[in-house]
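Below, chain A partners chain B and then partners chain C, in two separate complexes.
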Partner chain A sequence: MIPFNFEYYKPLSVEHAVEWFQLLQQQGKKPVYYAGGTEIITWARTHAIRPGAVIDLKAIPECNVMDLNEDQLIIGACVTLSAISAANHFELLSETASGVADQTVRNKITLGGNICGNIYYREAVLPLLLANTRMVIAGIQGLRESSIHQIFAQKLRLENGEFLVQTRTDRSYLSLPFIHYKKRQIGNFGYPLVTVAALKKEHQIYTAYSGVCSFPFRSALIDHTLNDSSTPLAARIEKAIEQLPAPLLHNVEGSARYRKFVLKQTMADAVYALESR
Partner chain B sequence: MPSRETVMYAVEFEVNGENRTLQVRAADILLYTLRDSFGLTGSKSGCDNGDCGTCTLLVDNVPLKACLMLTVEANGRRIKTIEGLSNSPVQHAFVRNQAFQCGYCTPGFIVNCEGLRIVNPHANEETIQVWLESNICRCTSYEEIHRAVKEVFSMRNQNVKS
Partner chain C sequence: MNDVTPPGLLHAKLAVSPHAHAKIIAIDTSEAMKIPGVKAIITGNYAPILTGSPLADRPPMAIDKVRYFGEPVAVIVADEVYIAEMAALRIKVDYELLPVVLSPKEAYQRNTPLIHEELGTYKRHEQVYPEPGTNIANRTKIRKGNMAEGWRNSDHRIEVEVSLPQSDHAAMELRCSSAQIMPDGKVIIHSTSQSPYIIRLALSDAFQIPLHQVIVHTPLVGGSFGGKAAIQLEFLAYLASRAVGGRAVKLVNSREVDMISSPVHIGLYATIKLGCTSEGKLTAAEILHLYDGGAYSDRGALMSRSGAIDCTGPYRIDNVHCDSLCMYTNHPYSTSFRGFGHPELTFAIERAMEVLSKRVGMDPLEFRFYNAIGPGDTSPTRTILDRSNLGNLPMCIAKLKALLDWDDRPLRETDGDIIKAIGVSCFWKNSDTPTDAGAGAVVIFNADGSVNLLCGAVEIGQGTRTVLTQLLAERLRMEDRMIHISTDVNTEKDPQYWKTVASRSTFLVGNAVLHAAEDAITQLKNITAIVLQCSPQELDVGEGRVFVTEHPDIGIPIKNIANGYRYPDGHTIGGQVIGRGSYTMRNLTLLDPETGQGNPGPEWSVGAQAVEVEVNSKDYTYRIINATTIIDAGKVINPVMARSQITGAMSMGLSLASREALLFDDRGAVLNPQFRTYKLIRYGEQPQYIVEFVETPHLEAPFGLRGIGEHGLIGMPAALANSLTNATGAALNHLPLTPEMIWRTIHDSV
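After this line comes the complex of A and B, so read on.
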């Protein structure tokens, strides 16, 4: 039960969503954008957040597309993770998405919600980081399209009143050799201890990580180290660990020390698996 | 003094084949609306956090956790609760295999299984395992539940072959 009231809006267009956000904010109603809502509902229930209004984006057509055309795969931010996995246009994204939460909750969690949420794992972003995906953002200035690397740094950096509309991934990335390893404390569902996603393009391996630090990331420095075939793999892994962008996470899923142990092995498995392909 | 009246929203949806309309708060959770306003207490509150699956119901034939859904989101949708699956093949399979003890998780499992039967009638073992991970049982070892679900799909496949 959510013990406080808020207002609910369901715009039918990007423009209305942005306009209503501005208006509600001016009225002091602290609006939030709402897609799957799993995070908003659980945090509202525990009083962690207290929005005055929610703007449900699920009726906006552009947010619900899933279109594979000649050039790119376009996925709306309100498409659920289970729908993405079922369509399987981008196998690495399908596999990453199918590792989040459980099947029933994935029927509600959206791509945009997973990437933009405050829970810091944001695993669905890993394949997009690897595929240099372009992000379509709506805001008061209209729509803009940016490379994910320009606007994702630990989380999606959106201006006030902006929201993610779509992701656009070049078709050339969709069927590249890839691996996805998700190590958990126990069992087959839940938050990661370590998630490593990687793909191979033009003989180079590119990696991205979640659960390792307090944000998902891709590191050119780490990739350069891992691709240095003149150095033994064990030495590459040791060096790559030293190049992590932040301290290893230490939380209920696992200690930093245990994470380091698991990460080393998972990195090695990833490089070994892709080097031979 | 400013008005502090709660804004209410008119919603209309189909529950187990019946059209229902009512006025709700935007913050009302579907699980509690079904239980408190319609007396459909088959869907249970286990964790209120989307972890246990006791609140699972079908929304347009897709299993969803009712504790993670606002009632206003159900507007215009078709909902099926465990009460709408009375005498279903899945329910009978659970009875035959004694796939319950206290019965608290059972509605969620049955609804989820029915959802899988609709979405993927030829689900293999791996898919069944993935789907059943959405529900938790504290009484059984899951063996009987697994047997019941497999029986549903075996029967389905036999019917298709014949």
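After this line comes the complex of A and C, so read on.
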């Protein structure tokens, strides 16, 4: 159980949320934004975090949008992973989202929570990295929009008091050929050893990874290597492995050596699958 | 049990050690005491006693040093659960780290740090042979036959080394105990336990309370698998209550505490040398079992004994040398787990059998069939086996072969990247109870002719209480819906039963129930004989009546006799019919400390199992397709429940073999004390389960039944390892069998 008292706030607008945050922070209450709350429960019950106040974003209309219009797919940060998969506007995102945890938990985990949380897999961000999604952020100055690549580096780089409101993905990415593989220690549930999401645009393959390092990433260097059709696939994979942005993860799911083995296979499978499409 | 919260109830929580081995220099509870709502905080020195059976080596809270990550160091009592937990976080303990011993193999080496320096001073309750100056809590020896001759006659000889890690019972319901001390000194305990009568005994012993003043209630328990047979929270709940003047206090484990601080499933490291003739007849076995008992021996000392008693598996081996040890390590301490040492010993011997069968070039089932133990042979403890005390293994194997179409299928075949393979295992199990383990039963007739059955078997989800009503219904020739049994046990009112473990409840309590039924029948007949003016021998009981056997239409409805019989003129004879019965183990003996000779239990249940897998040869991921068990059940009393008991046990065995393990860092801290990271098999990952029964009666049991509660689990880890070994060609001797384990075995041997 969560062994401490904390305050609960449920603002009805972006402005109120941001204002409350500032106020509570000034009062020394260490406020935390949340939507699903699964991470707060996970960390608080093991006494790893101790917020004095939580700000529930689920009543904010902009955070609950799921709208496919002429140009874009707009998904609010408080939309759950199971809702996203059920609506299935962006198949790669649906598949990636439905690999996270299990059904019961996905009914609570939100897109924003999965991306902004402290658990470092953040798998739902992979399709967004590949689709060059734009992120709408709320802060004291109001709303701002930027490309995901400008504000996501290992995690979403938010200023103090900011929160993710929506993601906006260009329609042109939604039905590109794609592939998604999630390899785990064993079975069909659990954290990843290796998750590879990839899509193909204009004959180029773009890949993104979670579980490989201690953060999700997309790498232009690796993509360049993998797309070099003048080299045999096995050689491309060997080279790409050397270009990882950080050492391979070693944790209770699996060792770094084993991850390397799994990653090579999964990368090869991804490239092979997309090359022909 | 945690569903009930009477008013005024206080709540307790544990503060536990973050170190696996350390001296306690000082404990500062002052910050914690300041929190409003905290009623009391107690630490080790509040209860300077040692608990545990057979070896009393464990203080309820750590005293002077901690021996495992998660060991309780204090109990906090407060108005609310969250206050107690907050206070637990504020307890400051100064530790001085000690070197850690993190495997039974390491614990066995000379010059390893001692975990129990005072081992020689510990009280011994039953047969147990600790070795002071070492980390050996118990050593059981089997010395049978002539090893030199056995090896001389061996044309083939192999050796395997296996290991199984500790894991968690993972029952749905968390452990929970509450205690209250009444003004007259009565101690009332509620507990999610398999052992209400042992709780009573243990509290009485530990705290010098007269036995009859300790009353224990166990409700319907939400799964246990041996983990709730241990007594831990009950001591702490009692001490917590005492610390607040006897007020009712409830202590519930969080899942993390339930996984680590409360005892776990025992691990094993073993080496086996096995020999046979060129025809494949087993000649000699030399076995070393090092069980990972963790920081305190608890029932580990007896599980290691079980490991010796049945060390050969269900095979005829004339020359056996076995040392089975319960080792201390700086791991969470181990207690009984479904199988009681047998899943572990079976994994070892079945891997050895598999390797040897390949060496001789015999089919794995043929090899086992050829060496199957049978009537006239002796067990490792030299008990002579017969059709009654031993199930029929050859019949189980024959039936398995038929079911699997064994002779018409390959052991292994490939289909592109996929390799399909099958692996087998046989198993046996006898129980290792005290020689005086027993049960009582009371059969009370109600005025309407229905019956209340009172007994001490706990309902832990195994359906034993249902089966007991069936046994009674059969004997009384009554409809079983006329027999009532409550779901709880109350030690004050229910006749004693040793404890609900060992798959012996239907045997012991069942015999007591039948004895009580006989007693009730005698009373019914005696009253009826007077009324009908005949002799009791002329009467029979059935279908709700007592009637003359030769003239069934002459009789009296039971409801007219159940409370005595009243003549038309008002004159009444007899009184309420209350049948009483009891049964205690017969002919069990202690084991000779040098040779292991003795009679450990009433009967050996046997079975044959198989697992079929499909392995992806590129990445070593696999699916378990089918799992099959043929078991000699003696007599199946409730087919649906028997089948689900076996299936559930098989599922547990496959789960623990494929993915369950407590993972430790190099300081002995547990890395995965949560279900996020501790893997369990799930829906969608289960194979198809096939269960069939053979029936060879055990003549001393009700209707010939044999206990089958644990057995489905026993051979599953070995069968899975054998199937994956057949598929991949890599000798898989270490659990858990994750794809990484398979990959490492293949790649590290290259």
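Just so we're on the same page, the second predicted complex is superposed on the first by the 277 of 277 C-alpha atoms of A that agree within 3 Å, B and C clash if a C-alpha of one lies under 4 Å from a C-alpha of the other, contacts with A are read in each partner's own complex, and residues count from 1 in each chain.
Heads up, the rule we're going with is that a residue touches a chain if its C-beta (ideal position, glycine included) is under 8 Å from a C-beta of that chain, and two chains touch if they have at least 3 such contacts.
The model shown is predicted, which means the values in this text are computed figures rather than measured ones.
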| item | value |
| --- | --- |
| Which superposed partner A:G254 touches (first chain B, second chain C, both, neither) | second |
| Touching partner for A:F4 - first (chain B), second (chain C), both, neither | both |
| Which superposed partner A:Y272 touches (first chain B, second chain C, both, neither) | neither |
| Contacts of A:R45 with chain B and chain C, given as first, second, both or neither | both |
| Contacts of A:V262 with chain B and chain C, given as first, second, both or neither | second |
| Which superposed partner A:I186 touches (first chain B, second chain C, both, neither) | second |
| Shared chain A surface residues [contacts with chain B and with chain C] | 1-2, 4-5, 42, 45, 102, 187-189 |
| Sites on chain A touched by chain B in the complex | 1-2, 4-8, 37-38, 41-42, 44-45, 54, 56, 58, 98, 101-105, 107-108, 187-189 |
| Chain A - residues contacting chain C, complex | 1-5, 42, 45-47, 102, 183, 185-191, 252-255, 258, 261-262, 265 |
| Residue numbers on chain C that touch chain A, as the complex places them | 81-82, 85-86, 88-89, 254, 256, 618-619, 621, 658-659, 663, 671-672, 674, 676-677, 679, 681-682, 684-685, 738-740, 743-744 |
| Contact set on chain B toward chain A in their complex | 6-7, 9, 25-29, 32, 48-50, 53, 56, 62-65, 67-70, 72-73, 112, 129-131, 133-135 |
